[in-house]
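Both complexes below contain chain A, partnered by chain B and then by chain C.
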Partner chain A sequence: MKKTPKVVNVADRAREEASVAKEILGPLVGMKLTLTRMVENMTGKVDPTIRYPEERRAYSDRYRGAHILTAREDGSPRCVACYMCATACPADCIYIEPGEHPDPLIEKYPTRFEIDMLRCVFCGFCVDACPEEAIIMSRETEICAFGRGETIWGIDRLMKRPELPEFGLGYRPNKELVDSRLAFVPKEKVQKRLAGRVTMKEDVEMIPHVTFDPLKESEKR
Partner chain B sequence: MPKLTINGQEIEVEPGTTIIQAAQVAGIEIPHYCYHPDLPVDGNCRMCLVEVERMPKLAISCATLATEGMVVHTNNDRVKESVRGVLEFLLVNHPVDCPVCDQAGECRLQDYYMVYGLHTSEIPLEMKVRKQKVVDLGPMVVLDQERCVLCSRCIRFFDHVTHTGEMQFFGRGDHVAIGTFENRPLDNPYSGNVVDICPVGALTSRDFRFKCRVWFLNSTDSVCGGCSTGCSMRIDHRDGTVFRLLPRRNPEVNKSWLCDEGRMSFHELAAGERVRRPMIKGRDGMQAPVVWEEAVRSVDSKLKEIRDNHGAGSILGFASPSATNEALFLFKQYMAGQVGVTRFEFRADSEDKSVTEQEDNILRRVDKHPNSMGAIKLGLVSKEFGGIEGAIESAREGKLRAGVIIYFKPLVRRPTDEEAESRVAELIRAVEYSVVLAAHKTDWLAEASVVLPVTAWSEENGSYTNYQGRVQLARRAVTPAGDMRPVWQVFALLLAVSGADISWSTAADVFESLTETEPAYRGITYDEARLPGALVADI
Partner chain C sequence: MAKETQEIIESSSGIITSTVDFVFNWARKSALWPMTFGLACCAIEMMATGASRFDLDRFGAGVFRPSPRQSDLMIVAGTPTLKMGPVIKRVWDQMPEPKWCIAMGACASTGGPFPTYSTLQGVDRIVPVDVYIPGCPPRPEALLYGLMRLQDKIMQEHPTRFIFGRGNLSQQDVEGEPETETAETAEGKENGDAAA
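Up next is the complex of A and B:
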């Protein structure tokens, strides 16, 4: 049987519930919230503005920013010049020139490895394609230069990245599979755990908006 | 003629055909490593096992003859399981260093693994048997013993094709490796072939080493320009640069082989500065660049002026045995048809007297030009004048006043080259008026009255006639930077300026015209000239 819907006349209800106290107190309650937020904002307790460039948004540690070439134990690049990244690259921005390595077990190494940062679309396919974890990504996005030539990064620039500690490492899906290291020492900072989108310039560990723990999810089921 | 059934497909083959060959005719590929059409059968790799009904065990298709009523299965589960097992065995000690291996992309191990294997290796890398890597085997070959599948193709090549027998198996069991005695370098002139026939990355090319990953390369069918044998080959190039030359199988000419000189001949083409613009010598004796139309018009009027004043006998047509048939045909059309020249020559080198003379009994020939036979068949030689020496002499006597000269440097250098080149230079100095069509710059080119830049081998479509009189097509692979034109186009321009009725827009059109006009080439079609090439008439 179909239920007949209950009809409420809102105007009647308002007239019934109207009182002098409500008329006066209502705005005051609202005003309290407004004033509290105003004070909080003025004193800096709540601050939604990111004061770029002094402050930056914290990116996820899977962020795909400027590339890093990882190193062997002796500091030479891990890259074996196999061209997998250049083959996978949809922007055709990776240029490699291989050379004969004195160690027959390594055999091949890049004498030139250049990425044209202006052509790069930061898709991360090079990282996925790399069989050696020789190329990974950072969270660095600010690539400025005075000329186009400077935006073509060679081996030295890609391996040693003094500005990197500010940004941290990015997309690196095979970290567990390959033991690669960096040619430079990233500054070790105590990481703050911050929820939400807004953080200070110092190193933070971002807590993602949506957390999905597969173990917990399976427990639920 | 035995009739057999392969995968349900009935096929009739010649007696003595093996199953693998019969399958190839039927368009069925049977995986193999050691079988090679131009090498004796060895049957050691066991990849080509097929099921033959009423045979108790699987049979190797490379050594089993096709017989009447045979029923063969190449892709049922029993065969697939066996191939997978063999492949897993071959990969037991394989280092899996595909990222640094030049063979990657054209490696049979990779190909068959993707089709039949897809298994996970049970042997960790640390347990694999280590062998020698990066062994220097002379100027052409680098050996990696770990990658070898021991198919013995290279060994059989040196035993049965070059008869030098440099390579052999060494060791026993897991430790068997191929190599030369004490790792001595391979120094025979065909050693580059073992790189092609190696189905895996064990033997790789020293010249091509690390130059380019093979999947970036484009291939163009061509004919070797290194000597009069005219081996069918493939030019692998990328972005206008030739990276390597590989043989194409042509059972009538070169089988599957190519000599090292021919293989390296593209380096000679890339070396040296190119002529990039048409040049005309001014009143001050200096050459100045001009546009093509002007150059062609000036050449045509000057040649006709000399003919009218001194007779057609005072002009020499000096063709090049390195030019295409199309080029030589239009050269003849213009020179004989429009100017009326009767004096032709094409040899600058006395070494080239015989087109068919062999340098060894495999491929190489003494005449290092790809189209000497074409020049002969087109009649571009007038015996009564005594060759280039005779021409120089009569020019000094004042009988010869002008020369139209096509000059290409040989792609395979010989000690006599400089002498030949100096003869051409002498000829240019001796005549009053010289038109030189050249691809590369030389010192003496500055003395020519007109220099016309032309494209060389690998840069133009055309056909070459080899020592057998076999016409083969060569395709354009790369385009050089500059205002060069193919030789045939230069003469097409000259013919147009001269008032002849021309209708060619491509080299194929010229070829058609050639087969209609020249008796030796009559009836040959463009399609026939592909593989293995069409023979010219004996006239």
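Up next is the complex of A and C:
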């Protein structure tokens, strides 16, 4: 037997359920919520704002920010100029010029390796494509420029990252870098930039923040 | 103008203009009213910046104006297509001076992942851009950082030059030049005027 669906006339039902008490109390219930939130906000019980330049949200360990070119033991770039990243790049923002490496085991190295940060969409495909752990990402987001030329980062800019301790490593194939290391600028400059700059707002953290201190990392080795 | 008068103005205007400049610049940078203007996904991130978590109002820039006539700042957030180009240009032209422009995200800055027939390869082809923010889309922090850099840039401007007869230097003349060089170029301009 076919079931006949129950027909509900919403207007009728509303008319049946209407009452004076509801009309008066309804808005008051809403007002109570509004006022509670207002008091909470005013007394500072609820404080969702991250006061950005002083406080910063902790990013995920897999955050995809500006790229880093990792280095070999001697400090030269680990990249072998295989064009994997440039091929995988959906925005065509990687430009590589290869050169012949004196070491016959290495074959090629990049004489030029440029990433146009403005065109980059931070998808992380280059990191996935890289067979050498030569390109990884940082959690750095604070890049901006007054001109388009400023954001084309060459090998030096991509390798030596004074601001890295402030942000930490981002998306990368291995949590600990296996074969490669990072090239850094002197310690003093790092400390100067860090002085009184950043406090993490831990209570808004959604993903556990993995602290990363590159200086300690490099001391370990 | 006589040369002596010019010299007097030159010598005295340093103190006056620098102070007045500072007040003007401070007022301008502290109340950047952006256009309500979003083209694509970056606009979502721009809205997030305006919301309570990041609170653009802390910088005086949270008053999103629905009319270009009332706004100082155009945040081009999203992919500008060729069809949208003339509209962006018109909105920019309708904004009163002084005005600034932020290209937010890869698409607005360079065209990003769309090197195609339908996409404008960077909004700087139609309007002058002051600050470019990379990202796809940029995080609210990145937008705030870009805004703070724009505020720094505004503080470098010399709005009183026009009043003291040093010629109405456009934004492009002023920006990118260190303090010492601007003085030289101003002199050069005056010499050029005298010769003419």
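Throughout what follows, the second predicted complex is superposed on the first by the 133 of 221 C-alpha atoms of A that agree within 3 Å, B and C clash if a C-alpha of one lies under 4 Å from a C-alpha of the other, contacts with A are read in each partner's own complex, and residues count from 1 in each chain.
As a working rule, a residue touches a chain if its C-beta (ideal position, glycine included) is under 8 Å from a C-beta of that chain, and two chains touch if they have at least 3 such contacts.
Note that the coordinates shown come from a computational prediction; the quantities given were computed from them, not determined experimentally.
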item	value
Fit or clash - chain C, chain B, common chain A	fit
Partner chain(s) touched by A:K108 [first = chain B, second = chain C, both, neither]	first
Touched partner set for A:G99, first chain B, second chain C, both or neither	first
Superposition-derived comparison: chain B or chain C, residues of chain A touched	C
Which superposed partner A:I152 touches (first chain B, second chain C, both, neither)	neither
Which of chain B and chain C A:V80 touches, first, second, both or neither	first
Which of chain B and chain C A:I143 touches, first, second, both or neither	second
Touching partner for A:A88 - first (chain B), second (chain C), both, neither	neither
Contacts of A:R51 with chain B and chain C, given as first, second, both or neither	second
Chain B versus chain C as contact partner of A:A129, first or second or both or neither	neither
Overlay on chain A, chain C to chain B nearest C-alpha distance, Å	14
Chain A positions touched by chain B in one structure and by chain C in the second	none
Chain C-touching residues of chain A, taken from the complex the two chains share	48-53, 56-57, 90-92, 116-123, 141-148, 151, 204
Chain A contact footprint on chain C (complex, rising order)	52-55, 58, 106, 109-113, 115, 122, 124, 130-136, 138-142, 144-146, 148-149, 153, 175-176
For the chain A and chain B complex, residues of the former touching the latter	80-84, 87, 98-100, 104-108, 131-132
Residues of chain B touching chain A in the complex	97-100, 104, 133-134, 209-210, 213, 215-216
